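One chain, subunit A, appears in both complexes that follow, with subunit B as partner in the first and subunit C in the second.
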Partner chain A sequence: MHPRDRWFAALGALPWLAVVVPMAMMAAALVSQGHGAISLNFLLEDPSRAGRAGGIASLLLSTAWILAVALAVAVPVGIGCAVYLSEEVLPGSAAEKRLGFVLDLLAATPSVVYGLFGYQFFAITLGFGFSILSGGLALSLMVLPLMIRSAEQALRAVPGSYRQASAALSITRWGWVRRILLPSAAQGIAVGIILSVGRALAETAVLLFTAGYVLRRPDSVFDSGRSLSVHIYDMAMNVPGGTERAAATALVLVTLLILINMVVRGLLRAPASLRQ
Partner chain B sequence: MTILELPSTTPALTLNQVDIRYGERAAIANASLSVAGGELMALVGPSGCGKTSLLTAINRMTDTIPGCRVTGSILVGDRDVLAVSDLAALRREVGMVFQQPNPFPLSVVDNLRFPLAEHGIPRHERNARAEAALRDVGLWDEVADRLTTPALSLSGGQQQRLCIARALILEPRLLLLDEPCSALDPVASEVVEKLIVSLKGRYTLLMVTHNLAQARRLADTVTVCWVDGQCGCVIESNRCTQIFEAPAHPITAAYCAGRTG
Partner chain C sequence: MTTITSRSTTDRWLSTALYASAAVAALALGAIVLVLTIRTLPFIVDHGAAILTDNWHPRAGGFGMGAMIAASLLVSVLALALSAPVAVLLAAWLRYFAPASLRRPTLALIDLMAGIPSVVYGLWGLLVLVPWVNELAPPGASWLAGSLVLALMILPLALLVTDTAFAQLPENYIRSGEALAISRWGLLRRVLLPQAPPAIVSGVVLQFGRALGETLAVLMVCGNVVQLPGSIFDPVRTLTANIALEIAYAGGSHRVALFVSGLLLMTVTAGLLFLAMQLRGRKHAPA
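Now for the complex of A and B:
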């Protein structure tokens, strides 16, 4: 082997050092710190004593509500925008470049900025206060660029031959979108939705500004609710003796994210017959 | 240019001095031809001579191409295609089958029911019409027990026959075929060719093909296109036997003999 090629061979260790080792260290830290708190009751009980005792049931519920609000807004709006972009905006056109620039800018905007805007607009201006509604709406804004981009890519990947056949048969735009375009892209759109769920699930900054801290179970979307990610932050930073529960909650969150990733990978591996 | 003697009745399709441009580039210029009702005309010629452009202008698929402009006169019966505002009605009257089989990602039967639903055919008529179309293309016996399976699971030849059935189900007067066998193996091609022959008389057919032997086997009339400089043109249009046995144009003679193109 040429001496210079030895350097290249040495690069083979880099992915393990940069990706696998930190992941393993993080998992080991979470397990060693949090395993003592993990039990079935941890998942089924509400927290007590500012989170030092009890479980995370109310937090799981609040997280699910916040996600539901975010997806209820982001999915239809995101898919609608993606259909418009893929059907009406030619790739490489000036409109596509401008819209693409704005979408990329929104995707790169720090989540704390979405939190600040969500607080000002949803909590103050619209009067929703610290609530699941404010948190869900702010999160929906944050995941929208990811949702639009992934759905747009899936829609643009639908074979042009379907569009050609549809035009030759004079299929209406609505019929084309409803019966051919969306079902053909369903797998890619689903992947985008699941990735958005993953991003929303892990989000903290936006929810600190909008959904609040309250530990109790929410009765409606107008109640404040604490998400898992906010709970981890609060237990680790503000509650003396909360480290073990923070790590245990993080373990639950990471497990949920791993499950979501597995679903995404399963969808991407789905055989052609299933995708049809 | 030699143009086929027109029959006494109104032709099913007449193109007169048709020009097609993509932006500044002319794809074909001054193209004229005429197809009698119930006959099959083959459009032959080398790549880039504008055959497919000519075909797609007839059902205004050229409208879907940015920057494409068609001028001249295209008459389907006595209807001026370029003046038509109701494209749905035009495309019901002028069906089209493409080079690659392109069934929708739906079940076999839904590939046929979906266009019917889109064109307002009542629900109770759709199954009967789907069955009739499948019988028409000789596919019924092969798929009767798997009508609800995905159309994309059929073989290439079956998919192409399904696409022909899908084009016929809207009861067109004219069927445009853009190299319908070029993506198929010889066995599937033979089946599709037989189907195309069986459609003659009931439908007027205009077929683009690169396969001169196929044109000779199937067509009643042949139009030869050529590339003159950078632009396509029609050089000869006549009965099939005349084109292959006594061509009027020297380029036709050379092309049919395989000496050029």
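Now for the complex of A and C:
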């Protein structure tokens, strides 16, 4: 090794530490502040005294509902749009570029703008109010570009020879999409769905003024429901003495996201023979 | 490309359904732009450049968001100045200098960091960073705290973009360099870094957009005082934090003013996206 390289190899440890140390501090802070509140009952009980006591069961439920609404829209529309991109428009065509630009713009739009839009359009104009429905719909728009792009990538990875073979057998387009294209890309599409779940779980700003703050268990999608992420914000900022519960909820949320990250890594690493 | 053609009814339905899903994506963007514009146009016409002044007293009819625009820019610029050099150096180090046993786990950690919610970064800022800044100079919740948290948040994607930019450089640059017995550092500084800027700068511009649009983390650690900061230790309120704080109770013109700030944010991030695309595109143009 060149002597100068040895210097740089040693110096490089500084930026490495600049990343690893804060993350280690974050883990330490969450564990030291939150571990006292963590127990099985924390997951199974509803919160009481504005969240200072009890657990997060009703919030897990609200989060699941919001997620279900968001996915119910984002998954079919996302897969449809991805199939449109891979089947109906030619790569490099004007239509593809225009749609690609729209998706890039949607992906770059700040989440607080989705929140404003959801508040105005879903909560006020359509009259859904502060509800799981408003929050889930606003969230579905936010995760749409991610869902579409990952599904599109999976579809484009399907070998061209499959398409040629299907054309030679004069299979219908519907048969091709349903029996060959989608099953071959299933694993990649699953990765897209799971990534979208992760993005939706992590989001707060969209939900603050669409899904609302209510701590109760929701009875229907027209009820307001507080997500885990909003709970962390509210406990940390608005509830005196809420820090411990905020940290404990953050631990639960981050654990969920780490699991999601591991599933995605596993799916991406799985050998091709296991696909479909 | 081979296209599969057929005239069956199911297939026509399929085409329609696919077209409709693509239209939903386009309509979503259209609806967002339309709602924001319709909601704010009369207000913008009425107030004009007054929204850029430093006079935010919504109850008294003062809708100048200059201080918050400045705060958004300042917090993001400092975050980028802290984050971008670390991201580029770390990407180069991981790719060309670090032992392989360190590279993989570090990239896994960075991947994980990209998925951690901003509210958790904010909580960390509140628990660790704000008390720490408070010891340096009270009150702690400040421009500096916001920039530090944001710097950590934008680092993963800035690093991954840089890493991809390096990965796309021709392999034989490195082999030729090795054959000439150039030091890796020399190779990096004279050959690799000069080749990679379009992609790196484009990535950094996009991260600037993300920093401007980030809400929760800055809301939790910046202190949220509407003012032009005199130093990095002063509390500030960004445009995004202002929306999150006030939309719940804002009515009338006040609410419209918040929509104006949303439209402003969207316009600026769209402009940054466009700039990033131009920068990336230039790489392919003949030198």
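Simple rule for what comes next: the second predicted complex is superposed on the first by the 261 of 276 C-alpha atoms of A that agree within 3 Å, B and C clash if a C-alpha of one lies under 4 Å from a C-alpha of the other, contacts with A are read in each partner's own complex, and residues count from 1 in each chain.
What we mean here is this: contacts are C-beta pairs under 8 Å (C-beta built on N, C-alpha and C of every residue); 3 or more make two chains touch, one makes a residue touch a chain.
Given the structure is predicted, the values throughout are model-derived calculations rather than measurements.
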First (subunit B), second (subunit C), both or neither: which does A:T172 touch?
both
Just checking: does A:P183 make contact with subunit B only, subunit C only, both, or neither of them? Give me first, second, both or neither.
first
Report for A:L99: first if it touches subunit B alone, second if subunit C alone, otherwise both or neither.
second
In the overlay, answer first, second, both or neither for which of subunit B and subunit C A:Q164 touches.
both
Touched partner set for A:G241, first subunit B, second subunit C, both or neither:
neither
Report for A:G36: first if it touches subunit B alone, second if subunit C alone, otherwise both or neither.
neither
Comparison of subunit B and subunit C by subunit A residues contacted
C
Just to be sure I follow: which residues of subunit A are touched by subunit B in one complex and then by subunit C in the other one?
90, 164, 166-167, 170-172
Please give the residue numbers of subunit B that touch subunit A in the complex, ascending.
59, 61, 64, 66, 87-88, 90-92, 95-96, 98, 100, 102-106, 114-115, 117-119, 150, 152-153, 163, 166-167, 170
Spell out the part of subunit C that touches subunit A in their complex, as residue ranges.
1-6, 8, 10-11, 13-15, 17-22, 24-26, 28-29, 31-32, 35-36, 39, 85-86, 89-90, 92-94, 97-98, 102, 106, 108-113, 115-124, 126-128, 152, 155, 183-186, 188, 206, 209, 212-216, 219-220, 240, 243-244, 247-248, 258-259, 262, 265-266, 269-270, 272-273, 277
In the complex, go through subunit A and note every residue touching subunit C.
1-5, 7-9, 12, 15-16, 18-20, 22-23, 25-26, 29-30, 33, 76-81, 83-85, 87-88, 90-91, 99, 102-106, 108-117, 119-121, 125, 141, 144-145, 148, 160, 163-164, 166-167, 170-174, 176-177, 198-199, 201-205, 208-209, 229-230, 232-233, 236-237, 243, 246-247, 250, 253-254, 257-258, 260-261, 265
Footprint of subunit B on subunit A - complex, ascending
90, 159, 161-162, 164-172, 175, 179-180, 183-184, 272-273, 276
